[in-house]
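Across the two complexes that follow, subunit A remains constant while its partner is subunit B and subsequently subunit C.
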Partner chain A sequence: MRTTKENLVIAISMALFVLLLSLVLAVGGLGYILPPPQVRLIASWYLRVTFNPFERLFSAMAPEGVTSIVWDFRGLDTLFETTVFYLAIIGSIAIARGVIGGHKEVDEKKLGLSLIVKSVTRISLGMILAVAASIALHGHLTPGGGFQGGASAAVAPLILLVVFSRYFIEKHGITKNTMLILRSIGLFGIGMTAFIVVIIALASGAPAFVFQNQPKTIAPTGMPFEIGGALTGGTLWFFNVFEMVAVAAGFTIIFLLLAIPEEEYKKILRLGGGEHE
Partner chain B sequence: MSPETLILGILGFLGLVSVIATFLAIMERDLLRAVLFSAIQSTVYAFIYYLLMAPDIVLVYIPVAVGLYPAIVLFLIKKTERYEGESGENH
Partner chain C sequence: MDAKWLGKWAGVSILVFITYIIFSGSISGYDLLTGAIVAVIVGGLVANFVITEPRKLLEVGRLGWLIVYAIYYFFAAEVRAHLDVMKRILHPRMPINPAIVRIPYRVETDYAMTLIANSITNTPGTVVVDLDPEKKIFYVHWIDAKTLEAEKARKHVSESFEYYAKRIFD
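Moving on to the complex of A and B:
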């Protein structure tokens, strides 16, 4: 139980935090005019070169600044963020190793929520996936991108899991292993996209960088930024698509593992190792 | 009132709501309700990001902070006790 004194400490520290933060802003910690009238040098540089056919050597040739920064200007950074996310999922799978989750013979029609909720879910499922796909596939043109689209797409299996039960979705093919395969395809695609310019350049004997998108001074090979007049942003579109697959499948794995009943885990623990090979 | 002042006023109000929701989430001993307060705070933050003209952040913040994160925490609460300090009194 918390005492009144502890409650008081929490309340006072939160109030102090807010007041001090407002004090810093009030005395000009971020400048006196917000937002600042002058765009910072690095920001103006990004705004200038994000889509600039007259400076091809510096440009990412995609009109969406954030995606250009995320997958081109600081692409390696994002690659390792993806790696961190992948390692977290590997960790969860390793913890839940040997837990199969039991394919009990259950009547899945009796599981889950009511018929009304199930019907509404069936209708809205397509919309969720459509929105997610549009966020990811247009990521190089409009706000959004691979992670955003993948996180939105992951909401769909989550809702299915809650509304219909785990047995239902595992019966319909959304199992840990298929999601693992999907996730591996996504990661393989990201890896291949990072090397695609190098592979193209090797064929013609020209030098190239890993994670290169558009042509650079000493590496003249680059991805086409438009196909038939439609902007693709070079590698950005491929990165977004593969990242969406990887993120959506990764989140789904986590949900499937969390949805395994606690008794299954305890059974494994009591057996002392379980049935994993 | 200029539009800019109006937006700054809305931002201030939303910030205040988020502080209150955070406080309630910390104070609440019923963890289910704490997650709901946390989701309210996330929703308000999503509006703030939108008004601060960061649509990329909004698009990742809505599914993660309003959908996936409360769902994961709800799954975890289901595996433990619903009320904070219920059986943890003796340590």
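Moving on to the complex of A and C:
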């Protein structure tokens, strides 16, 4: 137990620390906060071309700057980011190979939290998925996108896992294998979207780039940026939808693996070594 | 694909569609179309999980009771409970008499029970700390326990909530 005097000293020194730090920041002691003007030119260029029908050859034709950068201007980079995330999940699955986690045949009513929490979860489950889908499907218009939508959608299996237990959700089809299939469908979709303009251009024999969205000077084929007056952002819409599926399924796999009790892992791992009893 | 499942599917889809439109904050053609597609898919996925008796969705009287209850709860029950707790906080002697009491409930469905429990918890002064679904009893922490007898406590705390919950969900 700390005495009142010690608590007082801690409180005063914390307050002094925050005050001094803000003073240092205010007088520029940690360097200039704003980047130099030559770096800010990039920002103004992105603002100019993110949605600009008068400079279509440079534009991503979607009003959301971040999504335009993530899936158009530096789309290849994002593809490899998604790949890294997928490899991390493959790694987790490889570590947990052979770990089944025990199939308990127990009364569903006795698993998980109280009936009150379960009832509230039942109502909010569909609403969580609706919000997640809205975040992903408006990714090319407002802040959000595929990753954010997928992470929100993964909240639904996560609360099911906590409120109803892992045995319950695995019995209802949310298993590692079904999620792996969903994840693969999402990644396949992202891969196909990267080539979609190339495939369209092949029909007419025109040149095209991998990861192309809007028409460019030497590659005149492009995706329509609006359908019936509604902005779609060309390939951005497809990237967001497939990324949501891939991310939601990927997170769910990790949550399922983390919910396996430690003893189950040790049972399998000890079969190999055995000397660390 | 029996009629009962279709009813559940339709009910959940409507809830998902309304949530989607409110969250998106727009009713353009794009939102209505994508909202309908999302509602049909998500509704199909979670239908069995959310609704057990879709027939009750068609009984308009239940919706009427829900509206009456919402008005009663937020503008009468909540205000009364807030004033009571405010009085206790501001009173110089802080007149509290806390205890955990048993409060029985007599509704059948989980949703009706949840409505009563959350109504008790959300009014200041009373909190449901645990429940026993087999004996149908809430354990309620009460800031000013007027009685320790289960039936009398029920009259004080949850009788009016139960009256409406029974008509909305049971």
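Quick note on the criterion: the second predicted complex is superposed on the first by the 230 of 277 C-alpha atoms of A that agree within 3 Å, B and C clash if a C-alpha of one lies under 4 Å from a C-alpha of the other, contacts with A are read in each partner's own complex, and residues count from 1 in each chain.
FYI, contacts are C-beta pairs under 8 Å (C-beta built on N, C-alpha and C of every residue); 3 or more make two chains touch, one makes a residue touch a chain.
What you see is a predicted model; the values in this text were computed from it and never measured.
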| item | value |
| --- | --- |
| A:7 touches, of subunit B and subunit C: first, second, both or neither? | first |
| Touching partner for A:225 - first (subunit B), second (subunit C), both, neither | neither |
| Contacts of A:134 with subunit B and subunit C, given as first, second, both or neither | second |
| Which of subunit B and subunit C A:259 touches, first, second, both or neither | first |
| First, second, both or neither for A:125, with subunit B first and subunit C second | second |
| Subunit B versus subunit C as contact partner of A:114, first or second or both or neither | second |
| First, second, both or neither for A:147, with subunit B first and subunit C second | first |
| Common ground on subunit A, meaning residues reached by subunit C in one complex and by subunit B in the other | none |
| Complex contacts: residues of subunit C adjacent to subunit A | 12, 15-17, 19-20, 23-24, 28-30, 34-35, 38-39, 42-43, 45-46, 49-50, 110-111, 113-114, 117-118, 128, 130-131, 133 |
| Partner subunit A, residues of subunit B touching it in the complex | 19, 22-23, 26-27, 29, 55-56, 58-60, 62-64, 67-68, 71-72, 75-76, 79, 85 |
| In the complex, subunit A residues that touch subunit C | 114-116, 118-120, 122-123, 125-127, 129-131, 133-134, 137-138, 172, 228-231 |
| Subunit A residues touching subunit B - in the complex, by the definition given at the top | 1-2, 7, 10-11, 14, 18, 66-67, 135, 143-145, 147-148, 151-152, 154-155, 158, 162, 251, 254-255, 258-259, 262 |
